[in-house]
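Below, chain A partners chain B and then partners chain C, in two separate complexes.
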Partner chain A sequence: MQLEDRGGASVRRRLAAAACVLLAAGAPGAASGQSATPAAATGEAAVKWRFEGSGLLYGEQSRANVVEPVARITRLFSSGQALSAQFTLDAITGASPTGAMPSGTVQTTTSASGQTSTTAANAVPTHPFHDLRGALDLQWVRPIGSLVTITAGGHASREKDYQSLGSHGTLSVDLLHRLTTVTLGGAVYHDGVFPVGGTPVGLADSTVAKHFGTQAKDVTTALAGVSQVLSRRWMLGVTASRTRETGYLTEPYKIVSVLDPTTGLPTGQLTENRPSNRMRNDVLTSSVFHFDSDVFYLSHRYYWDDWRIHSNTLDIKVRHDISQDMWIQPHVRGYEQSSAQFFVFGLTHGPPASLPTYASADDRLGPLRSVTLGATYGFRVPGQPGEFTIRGEYMYQWVSGQPAGPSLQQNNGENENGGTAGGTGGGSVSGTSIGSLLAGYTVQF
Partner chain B sequence: MSVRSQPGNAGSLSLERRGDHFLGRFVAMASPCELLVDTDDRDEAAAALEIVRAEALRVERKFSRYRDDNVVHAINHAGGRPVEVDDETARLLDYAATCHEMSEGRFDITSGVLRRVWTFDGGDRVPDPAAVAEALGHVGWQRVTWSGRTLVMPAGMEIDLGGVGKEYAVDRAAGLVPAATRAACVVNFGGDLVASGPRRGDQPWNVGVDDPERTGEAALWRIELSRGGLATSGDARRFVMWNGRRLGHVLDPRTGWPVAGAPRSVTVLAATCVEAGMLATLACLRGPAAARFLEEQGVRFRIV
Partner chain C sequence: MSPRTRLAWGLVLLLAAMAASGCATVRPWDRDLLAEKKMRFVPVPLEAAADDHIYFSTEGSTGGMDAAGGGCGCN
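Up next is the complex of A and B:
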């Protein structure tokens, strides 16, 4: 008789998924087993602790490099409560685009901290930096009865010129025999910005005018979501959130090039300036389909704000179990956004001509596009506890309609703010390649 | 206070106060059934008991193979014709199909036919190999065409959802209790049970698992359980002696013979009763490798 053992905890995991489908859907009532509490989700009362560790390497082509180790420890209580603490460290080195236009000649950029840097002809001016950020997140999950779960958490992070303190809470209620889950939540953050060498005055010479002291930024978010089991194999969720930001929302080290209106060549540069209010909204629709052995995840996020940025993100993942101890999850994401109302590639009128109230040349407020391809590979070492994951992603990011260089500037039109905006022909794609590699390990004990 | 995973006395419907909780009892699925409700409100406990009993009887009526008015009878007497089933039955068949595939054919809801040739009464009557082979000709989920809603099974084959039904009824019934009370409860059908959450004051339920050979007399294993399922597979009293070896009643549908070296009893804790029951069954089907299998799943268990 064949008694070989091809074990691995994946039998339990597949069984848990099958039991969830068996008990979740259908006629009156459903079982207690699919409660979303951590104790139930991990499957047994024996587990008291869970450790998750990961290391991320992120590199932008000849720009920033990030090393991010994360450690998270969770205490699981038999009551279904869970308390977790997460420590994150980001070490960032490299260069960030200042926002200035590439020019045919060498450009000098002076930063707020009084440093200067030079950029070779036709290269995108960048600002070199090195920063270390530390963050601590605490979270508490508590089921109340069998249908209600509350989550509360706190966040603190600090880096050289920025700090953030915040808290969040959510309430989830299972309704209609657990076929429907409704989630309501909110978060409040109070951030402080204190740029090295003082905060530059908006749309001015970065070396001259400064504010000193900490600039405050307040963020308030409310969210509401519904997830619905539609059939034995299909779950759909919609979450909407609204976030209000007030205070200092400008990037202190970003600048805007001033261009000669005739030649289009950069003749100087000003600090950027953004409004002190922003209302952000998004709607995330996500869907999970369970096939016989594969799981297909599809999500779409629509975002808009009162800076007139609209964006769409489409994200597709497929999880395929290769064997009992191995799985792979390919991942594709596409992103496109329209630019902020005050986004410019450069300003065609410097002082003393009248300036727009707000202007920024930050790529992230521009007509940005990106495509990401990646895959996650997960495996267990037979006989050893825990699961290892390795994720690799490649992202290509570009700004649609960006002027390619000074020789093409003359063809560009001017927008209502007196700046040079994109999309007027003669633009070309000048993209950035971004790669990331994440290695993680999760173990319960 | 402790919950016996093998309730001692079976009786008709009763509800009584036991210190700080209510204990309801009834009989369904040929098993003594219990409901423990952590409340001081008798009306709530009585309402919960009625819901749990109704669900147990509903699942029994719908999926028992001893009745002639349900879906299982329709499937087993279709004579090779396609049978279209309802959504709940489809989900159970999907689950059984997944377990069949995951266990590489060890778990099979069509294996009940083999019980006609095997008698596990503690004696030494082993069937004629030809009879086993004949019965085996009517066993095998792989011979069934299951397309998510319609089942086509060759004539002479039978399905038996007994290997899933009781645990399913436990989880289902526990899921319905919140309609009657917000109090935490334990639903226990013949030793397969689920706890819906911690008791007042964040206290766990104390569950005693009986010695399979001395039911009701001695708890072999005491555990604290706040949330999750517990189920036992195996029956110490059902075996047959063969060449001086004791063969338990766990049949391997791939050979038609009892699994050699299977544990007498396996008890497993998991998120739901359904999962606990299937892990216990799959462990028994692994024979002497049962403990290693469960260790690899990372679950708490007890093997006798």
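Up next is the complex of A and C:
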């Protein structure tokens, strides 16, 4: 009998893995590959703390810019428990589309907050804004026995016109020789919206008095997932979640253009109005495959909600180790969604007659498409602890079927709410370029 | 067949394949590659968190692997 020579390095690796598995006896979740991994599970029993920090620079072409520093500190206990706190700051400046349509002439629009802005001919109307958001997230991971892990967390964030308080929890159980992990979870958020200048009445013009005070928004999520080790190189996971949102779901600063039915030119504007309930569903399928040296990540998410938005997201990453201390990871993402049933580019019927109950011209509820290209470079500095990562990404986002100008608007049909809805084939493809740079550092000590 | 029915059948087939593969045991000493940090579904959590925030604020849909979302007035 001839024994296969697998090489000394492979034997060492397998012995290390066996030791790792023994150490992980009190720390389940090896198959899940999710969330924070306790120190014992990574064979780093001496490690007591982990620090993760990142800085995000995000910019949309002629629109919003965001600077977001994040710091997370995690205390790793020898029992496998982990307690973490994350601090996030968002500084946002720039301009946001109002929802009004471009016109062939200079256009003056008034946002729902009362801000007036002038837009050049054929440009998308925007209004300037700035905001500062602070967020605190706490999370506790606790193994129970060798096969069960619970995770519990809380969230609080505050910005100029929005506040969010929430909690979440998951239960993960390892089954079938720890090759299968089943996860159940849920989250509850109680948010408050208090728009600058008051909350506008839906589908009304700027002369209608606004409400003052806080509008409630409640979000409840249930989640179930299973991940499976398929082979020595391959893991597959499926996670499904259902989220119910109730309360004030309208964007208080967005408006809808009122169009002349003959010329298609904007003649006025109304505030937008959305339903006060939304049921979101999604199924995420993820695969991680280890080639000889590279790792291939593939995921697909199918999403649908009762506003009739359906979306598909395909995400591909390949990690290539350049050396022991350096790696690079190209990334491609594609996204497409159908429009909400009450999405309109503009309303052809003015008040008081024939107004729909709900209408929004927010691109994010329209037939949106986006493509993202990017790459992450990770490296360690010789003699220094921790790992650095730098990621640059470019995203191009566009609305399919958007009318190119007044002359094209009459080619589009009217939706069930009486607004001008975009077709899928006609119209222009005028998109937005978005760039982001993310630098991160992780160290355990 | 509606998209939702196709999705349901796809999931049933996927879960059946996963269950069947559970019969093919990967022994503990064969889990060297699986034990690597880069074999997690989310190998860089802060990067994934930044992505969630970016896509939540720029697109109409959301959801994923985690029950934690983090409220934001950005959408």
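Convention: the second predicted complex is superposed on the first by the 401 of 445 C-alpha atoms of A that agree within 3 Å, B and C clash if a C-alpha of one lies under 4 Å from a C-alpha of the other, contacts with A are read in each partner's own complex, and residues count from 1 in each chain.
Convention: contacts are C-beta pairs under 8 Å (C-beta built on N, C-alpha and C of every residue); 3 or more make two chains touch, one makes a residue touch a chain.
Since this is a predicted model, take the numbers as computed values, not measurements.
In the superposition on chain A, no contact is made by A:L203 with either chain B or chain C. Of the two partner chains placed by superposition, A:L259 touches none, neither chain B nor chain C. In the superposition on chain A, no contact is made by A:L270 with either chain B or chain C. Look at A:Q444: by the touch rule set out above, it reaches chain B but stays clear of chain C. Residue contacts after overlaying the shared chain place A:P385 against chain B, while chain C stays out of touching range. For chain A, the partner with contacts to more residues, out of chain B and chain C, is C.
Judged by the touch definition given at the top, the superposed model places A:L147 against chain B, while chain C stays out of reach. Once the two complexes are overlaid on the shared chain, A:L355 sits clear of chain B and of chain C alike. 14-16, 18, 21, 30-35, 37, 42, 177, 232 are the residues of chain A that lie in the contact sets of both chain B and chain C, per the superposition on chain A.
Remark: chain B residues 55, 87-88, 90-92, 94-95, 98-99, 102-104, 168, 171-172, 174-176, 178-179, 182, 184, 194, 196-198, 202, 204, 223-229, 252, 254-255, 257, 259-261, 269-275, 278-279, 282, 286-289, 292-293, 296-300 touch chain A in the complex.
Looking at the complex, you find that chain A touches chain C at residues 13-18, 20-21, 30-37, 42, 52-54, 56, 58, 68, 70, 72, 133, 135, 137, 139, 153, 155, 157, 159, 161-166, 168-170, 176-177, 179-180, 185-187, 189, 191, 193, 219, 221-223, 225-233, 235-241, 243, 251, 280-286, 288, 290, 295, 297, 299, 301-305, 309-311, 313, 319, 335, 337, 340, 364-366, 368, 370, 376, 389, 391, 395, 397, 434, 436, 438, 440, 442.
Listed in rising order, the residues of chain A touching chain B in the complex are 1-9, 11-12, 14-16, 18-19, 21-23, 25-35, 37, 39-47, 77-80, 143, 145-147, 177-178, 232, 385, 444. Remark: chain C residues 3-4, 7, 11, 14-15, 18, 21-22, 24-26, 28-47, 49-50, 53-55, 58-73, 75 touch chain A in the complex.
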